[in-house]
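Structures incoming, each one as structure tokens.
Across the two complexes that follow, subunit A remains constant while its partner is subunit B and subsequently subunit C.
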Partner chain A sequence: MFRATLAICGRTVVKRFISSVSGENALPSNLRLPSNLIGVGRQKRASPSGSDLPVLHRCEDVIPAHLAPAQTWLESLGSCDGEPLGVVDLHPDVFSVPVRLDILHDVEVWQRNFKRISHAKVKSRAEVSGGGRKPWKQKGSGRARHGSIRSPLWRGGGVAHGPRGPTSYYYMLPMKVRVQGLKIALTAKLAQDYLHIVDSLEIPTPDPHYLLELVKHRQWGDSVLIVDVGDEFPQNILKATEDLKTVNIIPAIGLNVHSMLKHESLVLTLEAVKFLEKKLLWHDVRYTPLYPFKLPYRDMP
Partner chain B sequence: MRVFGAVFERAVTACQSSALLCARLFSTGACARIRMHAIPKLKDVDRWTEKRSMLGVYDNIGILGGFKAHPKELIRGPLWLRGFRGNELQRLIRKKRMVGDRMMGEDKHILDKRISFLYRRFNRYGKHR
Partner chain C sequence: MSASIRSMSLTVCRAARVAYRASNPATRSLSTGACLRTESSPSEGSRGFIESTEEFRFVERLIPPSRIPTPPKHDGAAPSGWTPASATPPPLPYMIRRSRMHNVPVYSDIKHGNQHSTLLRKVEGEIWALNKDVKEFLLGLTGKEPPTQVNEVTGTIRIKGQFDKELKDWLLKKGF
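Moving on, here comes the complex of A and B:
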């Protein structure tokens, strides 16, 4: 029996020895993908820094001298398997900020809770019908003394400390924290290769299958959030995304951290990138408000 | 002895492999009696309904939209609770101020009673008054 256990222990020791001798290229067992997995894993795209394609858009805002712009591909939605058209420069103070997960968490929790109004309400002993009269006299009946049949002790009585009325959970995070949350979310999407810049949202057909095939071919992920500036979108893409659940299109004003985290991939048009950079960089150089920003300021449009 | 050892090894590995194939726990019935005849099914939640996929859109309408609107104007709910947070007494006082003259009969009476009860509780008894 001891020889059997020694043989089994020896087998595991030999396995570990082999894996350590073979070097660090062998992945540990919990990271190895099984060979019968359905669906191909994402391949990393080549970085655009060493390519020949021209830089089609430089940042309009001034980049600090000690930072270099982040670069990414500019693609087109025109054909399913199109090549990238060029390279785009992105401002580092929006797309390469230090990723503070705690700020991201705070902004996400804020988005979930500030709109919440809970309508839970229970009747207290004063609101339950009845219970004005003392049920039996104080002394002599032999039963416990009570003042009303709707006290919290009684069945059918009111609740002593229950939820009271519509409650709101509203609070506001400081403006700069919310802005920083947006910047961090954009940085994270870019860093994880889930950010795609597109020149415009023109697609050849209003067919949702075209979009799904495009997403699958380019390995954009399970869910895509498309963002563009302005009120009007091309009819084709509106029709295509109307019936799709996981591919959604929103105007740039509607961008927020929760949607960016919910959808796996983010597609921005070039106009949307310029708009976001302008809006988010202003908060780094603005003065503190003397009165709310919605009232007119002389130097703000 | 060696033959016995080899047979024991094979039996152990066979037991291990069969245990992996059909991991059924069995007991002699001496432990706690949890009967799992009907394991409830997981409820199917569609994570991509219209409401869930569009949750949170326009929350940054202030910072991205030129401060013409405030996110508190997005909140849908009772008039006296939009963009306001307070404890029960503060909420009831605000309700009375904003909506009180519209309220009728029993609701008004209950609101007044509750306000006076909470006022007395917060300001007269207890440690924090």
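Moving on, here comes the complex of A and C:
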């Protein structure tokens, strides 16, 4: 019996070894996957390194000599099944940074908690009405000794260590950590093939079904976050995304790690890519602030 | 005494109001009507106020820059001893970037007054190859191999002992 169990353990170890050696695609044969699992049937698109399409946008900022720009396709939203228009160069210090999941977690938790003010408050024994008088004399009544009817021991009494008043959970992570979180999120989206670059947000109809069909056809995922620079967007895309819950549009200043993690796919316009690169790379070459950056400096990005 | 102070303050207020009205001719012309607009410019000249925005350049040049400038080109070392990184990265499996002030990222650290360590930051690429090279170099320097701690996630190496000057010169010779 002991030899049989040893043989079985050996076999499972060998199977695990084989699966790790052959690669991550080897799923066990008896595995049953639920139909709504994300990313199982997805095939990654071919990388644009060996294509004939022209490079339509080079990085404006200086790239370090030992790094090469990351490349991705430039698409269009004009027609549902359109071919990519060209290839776009992305700065490696924004789109190919080492993916630090701990920083990503820290920034996500900060985003959730720094705005939180919990208004939970309960009355302590001092605040509950009544309970000033000693209910019965200390000795002789035969009952336990008490000083007030509102002590935490009593029914209807105050709470001993309850939540006290509005508590703020405000804290600020350093600016550079938050910037690094954004860079890591963008890198992760690019690496997992969830980042799409689009030349502009012009769509032919304000119909939300057009967008849903486009997203489904191009296998962009269940939820899409569309990002553009500036305060004005084309009317068609605003109307189309107005009533959709899974496709959302935000300006580039509103880009944040929580939204990027919440939506499966990220769509950036070329202008948004330029804006983000300029703003995020400035933090690598800036001085420590003499006075807050809200006040004027000579060369703000 | 109080009467003279009050009269002084009244004249000051009147002068301030006159100066305000002179510096804002728009309000005056709006209130007095379009027909009086031509009259406002000769009256301004007669009061002695000339508006000019050319002197603002003296303010603009006082506003500090926000970006660290790239250092000027030197052949070899600068007079202070600072050496620029080589233009082409050295042909090694790892790369050590410069700090934002263009210095070699080697820092010495002391804990509890007696624990000396050296931190080598901003390492990209094969950090274990760099670890091996560092250990070989310090073996040749001191005769014993110092314990090191490699952090792959952050790209740093912490070495026991204080070797910041030697490591800086070694990295500069390599061309980082």
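Brief remarks on what is shown
The definition used in the following text is that the second predicted complex is superposed on the first by the 259 of 301 C-alpha atoms of A that agree within 3 Å, B and C clash if a C-alpha of one lies under 4 Å from a C-alpha of the other, contacts with A are read in each partner's own complex, and residues count from 1 in each chain.
Everything that follows uses one rule, which is that a contact is a pair of C-beta atoms (placed from the backbone, for glycine too) under 8 Å apart; a residue touches a chain by one contact, two chains touch by 3 or more.
In this text, all values refer to a predicted model and were calculated from it rather than measured experimentally.
Touching more residues of subunit A than its counterpart among subunit B and subunit C is B. When the two complexes are overlaid on their common chain A, residue A:R164 makes contact with subunit B while staying clear of subunit C.
In the superposition on chain A, contact is made by A:P64 with subunit C only, not with subunit B. Legend: residue contacts after superposition of the two complexes on their common chain; A:F293 is shown touching both subunit B and subunit C. Of the two partner chains placed by superposition, only subunit C is touched by A:R100; subunit B is not. By the touch criterion defined above, A:A126 lies against subunit B but remains apart from subunit C after alignment on the C-alpha atoms of chain A. Contact with subunit B, but none with subunit C, is seen for A:A252 once the two complexes are overlaid on the shared chain. After overlaying the two complexes on the shared chain, residue contacts for A:D284 are found with subunit C alone; subunit B is out of touch.
In the superposition on chain A, the residues of subunit A contacted by subunit B and by subunit C overlap at 293.
The part of subunit A that touches subunit B in the complex is made up of residues 1, 3-4, 7-8, 111-112, 114-115, 117, 124, 126-127, 164-172, 175, 178-179, 182, 223, 245-246, 248, 250, 252-259, 262-263, 275-276, 279-280, 283, 292-294, 301. Contact residues on subunit C toward subunit A in their complex (touch as defined above): 60, 63-68, 87-89, 95, 97, 100, 124, 153-155. Note for the complex: subunit B touches subunit A at residues 2, 5, 8-9, 12, 48-49, 52-68, 70-72, 74-78, 81-85, 88, 91-92, 110, 113-114, 117. Considering their complex, residues 64-66, 98, 100, 102, 282, 284-287, 290, 293, 296-300 of subunit A touch subunit C.
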